[in-house]
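Before anything else, here is the set of structures, which you'll find just below.
What follows is chain A paired twice: with chain B in the first complex and chain C in the second.
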Partner chain A sequence: MSTANAAAAPAADFQTGRPKALETHPFYRRLINALFSVLSLCIFVPFLLVVVSSFSSEDSILKHGYQFLPERWSLAAYRLVFQSPAILMKAYGVTVYVTVVGTAAGLLLTAMTGWVLSRRDYKYNRQATFYVFFTMLFGGGLVPFYILMTQYLHLKDNLLAIIIPGLLSPFHIMIMKGFLAKMPFEMIESAKVDGSSEMRIFFTMVLPLSTPALATLGLTIAFNYWNEWFNAMLFIDKPNLVTLQLLLVRMLNTIEYLTANTEFVKQLNIDVSHLPKYSVRMAMAIMAAGPMLCIFPFFQRYFVAGLTLGSLKG
Partner chain B sequence: MKRKSLWLAAVMVFVLVLSACGSNGSDGNNGGSAGKGGNAAAQPEANDTANSSANTPEDTAPALEPVKLKWYYVQFGIPQDQQAVSDAFNAMTQKLINTTVELVPIDGGDYENKLNTLVAANDDFDLVWTSSWLFKYVDNVNKGAFMEITDEMLDKYAPTIKSSFSDVAWNDVKVKDKLYAIPNFQTFTKTPGFVIQKRFVEKYNFDVSKVKTYADLEPLLEQIKKNEPGVVPFAINKDQTMLNEAYGLQWLGGVHYRLSDPFTVIDPLQTEEYKTHVNLMRSWHDKGYINEDAATVTDLKPLLASGNVAVTQDFTLAPGSEAGRKADFGGNDVVYVPIAEPTFTGVTPTMNAINYNSKHADRALMLLELLNTNSDLFNLLTFGIEGKHYNKVGDNTIKIIDKGGYANNSGWIFGNVTKGYLLEGQPADTWERVKKLNDEATVPAISGFNFNGEDTKAEGANMDALSKEYGPGLETGTIDPAKYLPMVIEKMKKVGSDTVLKAKQKQLDEWAAANGKK
Partner chain C sequence: MKRAFPFLRGKNGELSLLFLPGFLFFLVMSYVPMVGIVIAFKDYNLRKGIFGSEWVGFDNLKFFFISDTAWRVTRNTILYSLGYIFVTLIVSLALAILLNELTKRWIKVHQTIMFLPYFLSWVLVSYITNAFLDHQNGFLNAVLAGFGLEKIEWYFGAQYWPFILNIVHLWKAVGFSVLLYYAGIMGIDQSYYEAARIDGANKAQMARSITIPLLTPLITILLILSIGGMFRGDFGLHYFIPNNTGLIYSSTDIIDTYVFRALRTLGDISMSAAVGLFQSIVGLVLVLLSNLLVRKINDENSLW
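Let's turn to the complex of A and B:
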């Protein structure tokens, strides 16, 4: 989530760099710089606190609460995260697997669908577009979805249950369609005249030409898969197929439930001693957000360009 | 073009309707046949086994056909070594009642969401853990999620369970006179009171036996404030509301009342007692007796663990748990100071229900009965495998192996905790004390009553929001009661607190009349 917010700051810098009139006026420039510095700080400081807390010793957190300069630094939280709960490392593996497979497959399918819908020479273009668009407005609801997945497709305890629902999003298809529709059709026609097959056109011409769109959508799809927990919660019972974010959500919910129901926790003597320690919670949050934070800057170039994708042509 | 898209839309609507019908139809069929089939199958089979041999399940075991059950239950942290325990468990159940059980532990954080979906989707499972606070029992009974457990079924398949609970307890589980779940035997009393660090009690010669209400703590708090810099005299968090018993009030089944007059519902906010309490808290806050962040902090654990808290309050002082609290208070011994007699609070905080769609209700009951009679089976599910997950250190006492992979100690989910082992450090007579306490606890006059807030949902939600907004501030002394208490009462009245109060009174009157209480 912090990564998504972080996107706002660089994007804004990018924009402030553009309008020449504002740039020349030092007052506006300073004002805008100050404004976005404050905004960036608001995003960065809490994040820093999480990072610092994850490196604090448990004792200092217990004694003084979360601090920017802890009494004692410690790597104990990370040692714990990497060592004992094998489940966390497994969850990491699952999330990486789901993200890589899902993004690759999802991107291919989105591009293919978008390409077909953008072709003017496709007879049922409008109908098919409407069909895709329609799913943006109406969904079956949770229970039919659950029944379909478990009783007809039998995808319980199967990673496909996490991958399949995220493969195609009508919104992504629409963006892709908007982008591809701008591609000069004459180019395709000439390729056809030269005897190229549809498949070849798609893979050797369309895909390479749409890298900005693919990068943007790829990042969004990857984010979705990386942050996926709801489908995992519904369909995954086996502890070794759990995704990383589901672990985090669980941890959060569990702590919330137990603190809100102290009466029952006491009465039933529920053992809460194994709940993650404070520094470990922070370390897990860092572990979950970290990879995406590292990947994001590489995509940023495309992302800014991609933000306006399809905006020129409705 | 326009006509074309109209035509398309029409087709799509048609398809949608069709698919909706289809799924409805098949749903209905599924549910119907499963339900009917389930009952039909359960009954004759039950008769068969009853006729063919003696009544005890152990004797009939060889004659039973193999059955597979599925049991969803909550765990706070899924054990890593679940598979090993499941395998061992199944080996035992297969031998005993020719039943294999698919144990599906669900993490506490997911439990409610996941189980609600399972129930809505008519999923096929047999047993499910339910309670008054997580995956709520009454709500699901109203949804028709659970199968009724009749007296005959209880007599036939779960006689031990039946006899281990009093009628009061059974009535507590019944919804409209019908039973839908089997409670688990554990501490079902509460003893509200205070927890005080022993070292301060001894140092200041404080007589804890005289403490009956908050004000009685004041002399001790004063001395601690004066002589113990850095120690918080009295610590609470924002969710810890007033201990009603300290003022002769009680909260049960969703209503507040005076212990002296249990059939008159009161609005605690408007009582003199509440006013006294918030004024007292205000004065404590001003004198610096209460932790600064009381109105906002949700988790008191870090503060307590620093060892710098002298007194805190507790809804339930569980018998024999003083020793276990030592770690919570930073390694300092604590004294429990109960301010009321142990009260029966109901057995609904942990139960197991049978799914309405289950085809093997009889077998599910047998399994629960086994967990209440067979200590080995119960201990296996609760503590895991000996030598791998725990070591025996005494006759009936064990020590859980750290990082053994099965350390949740959640007997309260599976059955009768008094059948299980004790943990190292628990006094040998803990289970006797639990039983005795349960037997001797005062049963509130309105035990068994549960307020149904369905008709006053909107008012209730608004009132909840108001309590969440002002309650912590008032009850921790952070905001001035002279100004805010009348304001909150006023606001409460505006959103309909009187309507709710009347509804509560009406339901209580009806309940009392129906149960011949008044």
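Let's turn to the complex of A and C:
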């Protein structure tokens, strides 16, 4: 969009892409920039407190609380986490598994459903569209869902309880449908004249052609699976099925979660009462969130594209 | 195979086959639970199952509505939603307009930083808020003590939470929202501003007479959509950030957290279902009303 504007107005400033005459006075620009710098700092500083706390010595925290400049720095928390990485690694494994399987399956299902809904020539288009989007307006609520999952589908302590509910969302289907509706119809017509079946058209033409939409939606779905804690909290009890987010929930509820976890303590061979629990908690939070927090911002524009991709109505 | 299922052949049949997995998904995940709504009118007993349990009519709903909780959670849900909607709208709109005055490079820097909290789950955010608010070790209490003031027990004082929750929500949502409005501003034709410039308008006048009026359709739609979802609260925010502390339920408890607690902690399944039903129905009415409103204003933007 901005490049188009710049091309249209030859006298445009190369920094803002705006005509020179509309340029903000440098003084005001600096003033606004200062305002935003303060704001960005305020938004960033909370992250810093957690990072610094994880590198603080336990004594400093006990004496002065969480600080931006601790009395004494220490790597004890990380040493502990790495000494017994089993819990964290297990949680990473489970989370990666759920994310990969869920995203692959969810993406395929979203594309299939979105494609059918985008086909105006499909006989049951209206009914199918209503069938999907009505679920956005009304639902049975938490309790019937919970009873269905536990009593009838028997998915308690099963990773499918996290994977299945996140596979499809009317919102994702709507975005997909909006994108696929713009697919040149003549191409499909000519493929059909050549004798291709609908299945073939979908898998060999539609899917490859919609890679931009698939990338955007795939990222959103993966992000949702990575940050999923609600279903995990409801349905997962077994320690070896705990996801990263659920691990964080458990540590939040009981600060002694790690010290009470025999598996963790057993490997350490140290006096439990001297465990640096406050800094360890923060270190675990960093270890759980850090890698993703470094990756996702690079894909920021995809998250925004997901919203504008295919107008809401499609 | 093909002979056995003639309705799966031909164009419509094959498309139906492609739709089948989605059909089954929503059937099981959305429509079957709707049948489960009958629990709200029964005295649910695990052993007797949904259909074996006894009918109690509207007793569950009645029981909920005569309690203080009904008023409390309904009020909290609506007031917090309104707070979040308007605080985020005003702040993000103002920031988006200001952001547009900066150079490309700085826009990118600020956007990226403001967007960071969006990537955190509420669980993780609660670690951060806890580092600030913890009674013993929290940073805020250390600051208060530094000024010789008395420490505050944040998690025990209901009066602080409307502010805390609004600030935390804004912190997490502002980056996304600014980007949304900024994208809208980018879409405005530059010639409007050039014409205004020739007429001698200053920046503030341009914002007031060009940017905001041209963004009004976008603002209206986002506003009405969020009002439609007003009755569905943010469970994660209200469950993790106040640390599920009973003392401050009066100002943090919303319908979603109440339903969850009734199910998981109190084990009152029927009542929990009844409250969920109440939420679903009011939510449906709100969405229908808001869509009606959009259609009145601008048919193009309505949901259906």
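Convention: the second predicted complex is superposed on the first by the 232 of 314 C-alpha atoms of A that agree within 3 Å, B and C clash if a C-alpha of one lies under 4 Å from a C-alpha of the other, contacts with A are read in each partner's own complex, and residues count from 1 in each chain.
Heads up, the rule we're going with is that a contact is a pair of C-beta atoms (placed from the backbone, for glycine too) under 8 Å apart; a residue touches a chain by one contact, two chains touch by 3 or more.
None of these values were measured; they are calculated from a predicted model.
Look at A:N227: by the touch rule set out above, it reaches chain C but stays clear of chain B.
Contacts of A:W73 after superposition: neither chain B nor chain C is touched.
In the superposed model, A:I87 makes contact with chain B only, not with chain C. When the two structures are aligned on the shared chain, A:P239 is found in touch with chain B, with no touch to chain C.
Using the contact criterion defined above for the overlaid structures, shared-chain residue A:F47 touches chain C, although it does not reach chain B. By the touch criterion stated above, A:G139 is placed in contact with chain C alone, chain B being left untouched. Of the two partner chains placed around the shared chain by superposition, chain C is the only one that A:F296 touches, whereas chain B remains out of contact.
By the document's definition of touching, of the two partners only chain C reaches A:N33; chain B does not. Considering which of chain B and chain C touches more of chain A, the answer is C.
In the superposition on chain A, A:F185 makes contact with neither chain B nor chain C.
The contact surfaces that chain B and chain C form on chain A in the two complexes overlap at residues 61-62, 65, 131, 138, 142-144, 146-147, 151, 234, 249, 252, 278. The part of chain B that touches chain A in the complex is made up of residues 1, 4-5, 8-9, 12, 16, 23, 27, 76-78, 80, 82, 104, 106-110, 113-114, 117, 120-123, 131-134, 186-188, 190, 239-240, 298-299, 302, 305-306, 314-316, 318, 321, 345, 349-350, 403, 407-410, 412. Chain A makes touch with chain C in their complex at residues 1-2, 5, 8-9, 15-19, 21-22, 24, 28-29, 32-33, 35-37, 39-40, 43-44, 46-47, 49-50, 53, 61-62, 64-68, 109, 112-113, 115-116, 119, 121-124, 128, 131-133, 135, 137-148, 151, 153, 164-165, 167-168, 173, 192, 197-199, 202, 223, 227, 229-230, 234, 245, 248-249, 252, 278, 281-282, 285, 288-289, 292-293, 296-297, 300, 303-304, 307-308, 312-313. Residues of chain C that touch chain A in their complex: 11-12, 14-19, 21-23, 25-26, 28-37, 39, 46, 49-50, 95, 98-99, 101-106, 109-124, 126-132, 134, 136-139, 141-142, 171, 174-176, 179-180, 183, 186-187, 190, 193-194, 197, 203, 235-236, 240, 243, 259-260, 263-264, 269, 272-273, 276-277, 279-280, 283-284, 287-288, 300-304. Contact residues on chain A toward chain B in their complex (touch as defined above): 61-63, 65, 84-87, 126-127, 130-131, 134, 138, 142-144, 146-147, 150-151, 233-234, 237, 239, 246, 249-264, 266-272, 274-275, 278.
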